[in-house]
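Order as written gives the chain letters A, B, C, D and E; numbering starts at 1 within each chain.
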């Protein structure tokens, strides 16, 4: 699954499974736009390491068994035959291969007799939120990883540790390699979540100082991104837990200790995610309050202006009437009074003063 | 249950059970509008397949036992006698038959001594959201399926696999057929949920660019549809789980492996559903914010216009008063001033400039 | 408990227990307004049935043991002595009898050594939502039911089945009778929930077409009714479950199968209830959106009118000022221009056209 | 804890523990305002009862063991020495005594080797919501109760039952006394919750007929009171459950039956509480809707008035302009028309009629 | 983790792990701004106590084993070598040391073979909400504590108890010391939560009497602080629970009793926290209602003023029109009537009276 979240995104959600309902299980159908596979083999032991990019799956056979661990990494799922051949070399189940190709799987771990099958979502490096499916097979002497496309993974440092014999990776078995890869995937979520946290902080400032219409869209977009991340992260925790529970045969005690550490990291990431989500929800409430507040203030200003000037205008209108004083002594005699105009202005001033005092008492004037 | 959700729907919710409270259990009463049954029998084994539409249930007997698997599919529940006869042929419990006819059942699985009874809701193909009840009996050598009406099911590809001997369906037993049918039902939900996801994306764009009154109705309608789907889907997951737990005797190990795959799909669908539901709830909040924002902007415009022009009009009104300058030197001497009119216009210009500066400082003018 | 929900209800919630805190347990105090008891005895077996209304509890003794099952139904809890005597005849615990009389009990099931005690709320037939407490004792050869008042129960069809020997009720034991009564109580909730569903549909239409102030009150009232139903229905499910778990000794295997069916119905009812509740909550949100939308539209109209006419009126006011053209060439020379009036009207028309274009560009006019 | 909830309350929440963080456990420090202790001893058996108020804890010793049960009730925790001496007489643990004095404990039950220690919150009789901590020790032949201050408890009827030998309290052991006290505490919550229910009903009426600013404050205050009650009540249920689970040695079978009844009451109270809480939340929503509705209606009126009169005033203003008809035939010739004034009035009437028809079509005029 | 929450905070959330994804586990990298370590050793037994500040970790060795308990406290994590050396002295696992240095850990407890490792967040004394990570190792004869920086801890009273031989701390083992430190950490949260409670009470008063724009910001800020506290406190409870469950070998029975007391305190704190959180959420609702109410009142005033004066002004405008009475008997003959002006004023008075009565009937005038 490649979940790009562009600015105005149409590809937000994964497209559905390509296989029509009712098809026989285990049918391998490549995604139309899937890139052709690039196969990289790394095999190593305490004494050395061989790293090679190969063209055809048959070439894998020659690496198996020569060194304690062989790691086959496939970038790109565009060629179903390649995947089927690799499956045959390592005796993988058809349903598992189907899940490798249908990249919209929910993260999960499945224990087969001779190997463990793990599906998870890997965060791609880059500006936008994008994930791809990583399918990992762990056997007693091999690790297979299938990625949707070349580049973007977080495995560079793991490869370096193998090449440069850093830490205990070369002396440990395939289970330790699988742990190292999982750990790299888990840790790659930290910077992403940190970034969302910072954006939420920035939006909070924006709501306090000058909220505008984009603010709501931004919060909404973050909420949706976090929802996507949530779908990737919660199962991740379960996966590591399942590995600890079910993978007894394949995982050495030391690897299990490290996996428990990895589990702690996953819990911590979910913690951050949920905190971010709750913050985002809180921001929406805060924003709504903020707008209501502003509308209230605008209304106050309008009401003050209207309430003061409408009566004044009325008074002026009254003395703008054309009743003829000549026709009767009752017809607007004020117009001919000596103090008529000053009295009218005085009346207006009095009304204004009265209203201003009223507003001040209500606390509307600051 | 046939839950059509038309544009202005009255039939949104299932009508209640026709049997009055207190009736003896096992009473079979056909729904008034239920169509007459169409019975199709497919029986097959590794060597061949016979497919036939029959008129009377008695004809079923001749197919039972001839081949390893017999699948009887009944479309339409309008004739209670037919269902009772089929029940007798396969020794089905009266309460189960009652549930077949009363099509408002909650999805469930019940383990009887010699067969499993499964009730679930099947999505009908078509424009609108509509489901019908599928009742499925799984015995050691038979599968019975009862649908509310002909057409609309997702079993065409399964029939094809039987006819064309695709995959391992012909060599496997009745349990595998039941799995294949369940799998087809589960997978048929994917396109529907995908479609809701797309509609939600479209509505999100609508809220950003030009929300109107229909927008709220649309979100509300999607929310209700998703609520209906939820009632169908959550039990679906439990059902597959129950099958895995309870159906030990009838399900072969290989079928169980496939059922677990099917379970994963159900979990994935529920995941999509819940994501869609949360998105719909989020859209409502977003829409409310959006409207509040727009109201705020409208108020701002009104307030700017009113606050500028009401004082101006007041000034004009004052000099529209008819106090007679002749009556007194205090009566509107301005009217006779040489610069009277320009001064009045200047006063108005000054007031306008002051207010504009005030609004600019408040950030209301762009 | 008799929870009438009248139009303007004061009796919405149950009154508290009459017994003051600190009283010894098992104190029987009749409710003031409780009607006097009417005792009906039905005793039956496969061979026949006797049905009789009796005056004093002593008369019950002659029915016990003559036929396999005796069912004593008491309508009205106004006479504490009667209840105590029945309690003595069947050796019932004092705390259970206290719960019979204090009709504000939470639904529950209690297993005593020789009998099961079940308390639940029964929906009364009638226009308004009203429930009463049903207390049921199930012994190996008797069923006792205590209702708050005569009439309103859902047991007519059960009595008919006994009288007319329909189904297997006459051949089965007291446990089957208890199941039949429970089933009748459970099924009586279906029509009520259906009715709420229909009312919610109607209110949804109302919100779309013409919401008014009563709409909110109606939604609120339905929400409260559903809350009352919820308090009755959730424990109902637990009760049937408890019976299945604890009532091993008293319930025959066949009765348990039927009870499981009854349990399914209870789950289905709760499903309907929760769907209705969620729909009601959704309607409130929808209604709020709807009002915000309408307020927004009203504001738009006001703003359009005010924004167009306030400047026009201002222009007219300016030329209504009385500055004397005679006093100075700068004093309103326009008034004496040949094209003065047409120019003024033209200015107004230009302003109007400009503002209309502005509103059209904002999308406010259509 | 004494949680008074006065009209404008500052003491709403419990003050924090007086002991500074890091102090050794078991430090007894009396609260500053705590009243001096009043000690009452009641000792009884089937044959008789002695009831006496004593001055010093040493006097307790003479009562212990003379009769099957001794009940020491201490009102007021102002004297730490007294409490320590009582603790020594009955061999109580220091941590338990600390919890007696620090009256901000969460309700809990602790099983020590020879006695059970129960902390709960007791509702005080009176106008306002106020609770105090009740600490209860149950030994095989004693019950100790510590209350924060004299008066206000619900134990008068229990004392009467002991004095007057009502029910089986005198023949039963100390466990039955403890049950009776617990039951009195639990039952004392019923009237309080009933009162909140009635206030919520009254507020609902208020929202329907004439909501004002106090309405929101009232709902808010009830919500906070219910939150306080919730903190007291949920642990209460757990406590009774713990007693049933852990108190095997000290509780007779008959007492356990009664405790189960008491447990039912606690569940029922929590049910009422949660219903009240949900009702309060629903009222807030309803109130918000109600205000939005009213604002909408006010806006409608304003818009109708403004939309009708602003154009009318504009027409009048036009003919109030002073363009000189003498200066040109185009300058306001209408002023000299024979039907000028009636035509102007007719124009106004026509505009009014048109707008009224518009509003009627929009359904704004009733 | 040092979570300062300043007025305009950027450092609200923890920065992410410094170690890049894919690094080998157990890599110790000091935080850039971390202060250099200050090491304090306290060793004691029933007979005496030695307390000393040391410069290099090697000096620790001489204290180990001389007295029953040695407590090494390290303030400041700026020097990785120091920490590694201490780890070697006490044979600590590399992953645990990594968690000590990477101070963004989620609180947790890990049982190693010879020691327990506890991570938790300690509230710093001071004006603002700030926490730091406390890492604690408990061995059979040692306690190690690592704090992020000198000062700010809550251990002063614990040190005093050791120095002055208060309570049983000197006679008990290292487990009791660990308990005492945990207890001090837990209790230090009480004043902070109390303070938030008081601020919420103050804000509630503010909302009732005079809400302004800062009110919303304040509630929002408290909500976020409480969210931070929540992330620290919920795991704290789990930690103590885990200790009770897993720490069997290292914890004496008496210490476990005290830990259970400490567990009760943690539960109580979480209770307070959740109450505060719910109160904060309730305040937001209340505030929104309050603003809506005020807007409603402002609108009412505006509508009253406008509805009264707009018609009055219209009447005045009509008689301000300049139709020439001379031109026709129909042209504003009112202007020449004897009672013209008084009649016009009377008409205005009548309109005003009518509108006032209308508003009074609507209940808008008080």
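Basically, a contact is a pair of C-beta atoms (placed from the backbone, for glycine too) under 8 Å apart; a residue touches a chain by one contact, two chains touch by 3 or more.
Note that the coordinates shown come from a computational prediction; the quantities given were computed from them, not determined experimentally.
*Asks:* Among the other chains, which touch chain C and chain E together?
*Replies:* D
*Asks:* Roughly how big is the turn, in degrees to the nearest 5, that lines up chain A with chain E by CA atoms?
*Replies:* 70
*Asks:* Indicate the whole-number Å distance between the mean C-alpha point of chain B and the mean C-alpha point of chain C.
*Replies:* One centre to the other, that is 25 Å.
*Asks:* Please work out the Cα centroid separation of chain B and chain D, and write it as a whole number of Å.
*Replies:* Centre separation, chain B to chain D: 41 Å.
*Asks:* Among the residues of chain C, which ones contact at least 2 other chains?
*Replies:* Chain C, residues with two or more chain partners: 288, 292, 295, 299, 302, 306, 310, 313, 317, 320-322, 332.
*Asks:* Have a look at which chains touch which and call the overall pattern line, ring, star, complete or other.
*Replies:* Contact pattern: a closed ring, each chain touching exactly two others.
*Asks:* Please list every chain around the ring, with chain A first and chain E second.
*Replies:* Read cyclically, starting with chain A and passing chain E second, the order is A, E, D, C, B.
*Asks:* Using the touch definition up top, name the residues of chain B that touch chain C in the complex.
*Replies:* 8-10, 12-13, 15-17, 19-26, 93, 95, 104-106, 108, 110, 210, 213, 216-217, 220, 223-224, 227, 231, 284, 287-288, 291-292, 294-295, 298-299, 301-302, 305-306, 309-310, 312-313, 316-317, 319-322, 332, 334-342, 344-345
*Asks:* Flag every residue of chain E that touches chain D in the complex, lowest number first.
*Replies:* So the residues of chain E touching chain D come out as 154-158, 160-161, 166-169, 180, 183-188, 190-191, 193-194, 197-198, 201, 204-205, 208, 257-258, 260-261, 264, 267-268, 271-272, 275, 278-279, 282, 285-286, 288-290, 292-293, 295-296, 299-300, 302-303, 306-307, 310-311, 313-314, 317-318, 320-324, 327-328, 330-332, 363.
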